[in-house]
Amino acid sequence: MTSEDWQIIWFTAWVAALSTLLILPFGLALAWTLARRDWPGKSIVETFVSLPLVMPPVATGLILLKLFGRRGGIGGFLHEQFNFDVIFTWRAVLLALSVMSLPLLVRSARVAFAEVNPRLEEIARTLGASDWRVFFTITAPLAARGIGAGLLLAFARALGEFGATIMIAGNIPGKTSTLSLAIFQDVQLGEDSHAFRLLGFSVVLAFTAVWCSEFLLRRKTK
Amino acid sequence: MKNKFLFLVVSLVWFALPVRAAEINVFAAASLTDSLRQIAAQYEKNSSDRIIFNFGASSTLARQIEEGAPADIFFSADEAKMDGLEKKNLIDPATRKSRLGNSLVVVVAADSALQIQSAADLTNASIQKIALADPQAVPAGIYAKKWLEHFQLWSVIATKVVPMENVRGALAAVESGNVEAGVVYKTDAGISKKVKVVYEVPSADAPVISYPLALVKDAQQPVAAKKFLNYLDSTEAGDIFKKFGFTLRD
Amino acid sequence: MKLLLKKISLPLAHFTLTMDLEIHSRVTAIFGPSGAGKTSLLDLIAGLRRAPSAFIQFDDRVLTDTAKKIFAPARSRGIGYVPQDLALFPHLSVRQNLLYGRKSRKTIDPLFSFEHVTNVLEIAPLISRGVTQLSGGEKQRVALARALLASPQLLLLDEPLASLDAPLKARIIPYLLRLREAFHIPILYVTHERAEVRALCDAVIELENGRCVRQGRAADAAEIPPQF
């Protein structure tokens, strides 16, 4: 294992962690709204949230490429106003990981929120608690295991992301090269033994994350 | 009586056809996409054989052939990939021929105001990202890297490089506007209206670009493939290649 | 005490809850069979549910007025609620449950001091336990105490004795009686047992299929021999 390998592993781990952190507030808000509220068009929102799970990752990547490229709606604005680029930078990796792993967090957290007895929240309100206080002292702690499991799943997904990442970030050595991109390139170059070494790391990381997630879920039903 | 005769004819033709119409699998460099498609269309007018293409980076294609992918013909964008397969005894050396040449150009988006007058201009701060086919593996990227190494500019420019899967990917990156410039083949620039050539690399500065082709040893249709190989050697095919901007090396 | 429940119309599964009356008694029973709409009525009063039409006023404060689009949120109503399933917070200790309503009240009536409430309901020894370790009767008293410690001006009790067996009921009733004497706050007491109505309440509102069929003094409820 060379220092470049460690750089790749380190980069993959911290971008995945950062993306998980990034989707946390938005994902929880979305999950809570889906669990507790109803409105016309709710099924459309549900479908959109689930799309990155079902669509081919490269297709999602293509949509992101068009949106965040310098000629796209969002990317164009960022480039013109702030000289800020997303495509072909580490920020694109962050974006790809976030979009692809968000549905997993939302699905797990939504189930967790739905399982919290709404009566508990109602009584808390009669005791004078504001909505925020109810969320942070009653809803979230009771849903914590499910949320935690969802976060770990999202993290594991982010670790392994490939299709959308290669579309919008490319595989730039030292800048956007993640474990999965590096493995792909090794295979392209015929460097199979190196690919297998990286693969080993990938498996260990993913296995740990998913195992912890399952553990949390099992504890909950005790 | 007449019906029996008709039945005989139909069944003879029916059973004979599969023997006659072959599917020829051609693995070819991405930069050959448009020219080869036209040549194949021309060929298929006079033959019942069908040409199935697999276009991609020559490095990827070579790897696939190594792993046993069903190819009849390999048409690479550099000699090194062909050498690799020859060493592994995967191609028929008797059929190997260096057919085409090409040249490198620097392209920018059609609406860009960027000017390049030399390799050194690529170090300009206004160029933040340069798209190349992956310089570690893909011929177009390797050629571009050699060109820049020739001027000792590679280490500076390498930090700006966005490596793409194949040369058409580099072209697309320039078209999208997400990179300021790209180095591709002159023939690629020719097929895209969304980019313009701002600099043509003089042949003296660049390495020799050579496209070899050969019959794959385990070809499933060697007879039909050889026929197509001969056609690729013909003047008719040569004219089409020249039309797209390739040079002929024989 | 003045509680106005006027122009109430709330469609439920099998009927519409309608009400148009005033309550002035201190401990009022809301009596009826299961499914008569009693819990829904409490939810409306507490502000946990909205009706298409309702006017609810407690003393001088209008809590709900659909005509004028007034709706005071539950957290501002100062109404204590002990639901049928008690809804104790399972992840918090007894102490944390008890003090939950404390933080939001700025003025604390000495009547509702921690000492007084825990003494009256005799739960001082339970304070540091986890909620899941309590017995049925202990949970009941903690739920009552929690509601009281928030200094409510009105207390809603939803079938406090329903899920208890006879010996336990006998043990809790004194505490309910103490509630009356020690805390001086009006109480709405939902039950389907006439005996409880007569033993604990001053007045009764009888609900049947969502309508009030009788409002009167508790003592006038039909005679059933008391069970204790």
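Should a chain be cited, it is by its letter among A, B and C, assigned in written order, with residues numbered from 1 in that chain.
Here is the rule we go by: a residue touches a chain if its C-beta (ideal position, glycine included) is under 8 Å from a C-beta of that chain, and two chains touch if they have at least 3 such contacts.
Not measured: the values here are computed from a predicted model.
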From subunit B, the most remote chain by mean C-alpha position: C
Chain closest to the middle [Cα centroid of all protein chains]: A
Chain centre separation in whole Å, for subunit B relative to subunit A (CA means): 38
Whole-Å separation of chain centres (CA-atom averages), subunit A against subunit C: 45
For subunit B paired with subunit C, centre-to-centre distance based on mean C-alpha positions, whole Å: 82
Touching two or more other chains - residue numbers and ranges from subunit C: none
Sites on subunit B at which at least two other chains make contact: none
Numbers and ranges of subunit A residues touching at least 2 other chains: none
Subunit A residues within the subunit C interface of the complex: 117, 119-120, 122-130, 137-138, 141-142
Subunit B-facing residues of subunit A, complex: 65, 69-71, 75, 85, 87-88, 166, 170-173, 185, 187-190
Subunit C residues touching subunit A - in the complex, by the definition given at the top: 43, 46-48, 73-77, 79-81, 83, 85, 87, 89-91, 100-101, 103-105, 146-147, 150
Subunit B to subunit A touching residues, read off their complex: 57, 59-60, 63, 66, 128-129, 134, 136-137, 161-165, 173, 176-179
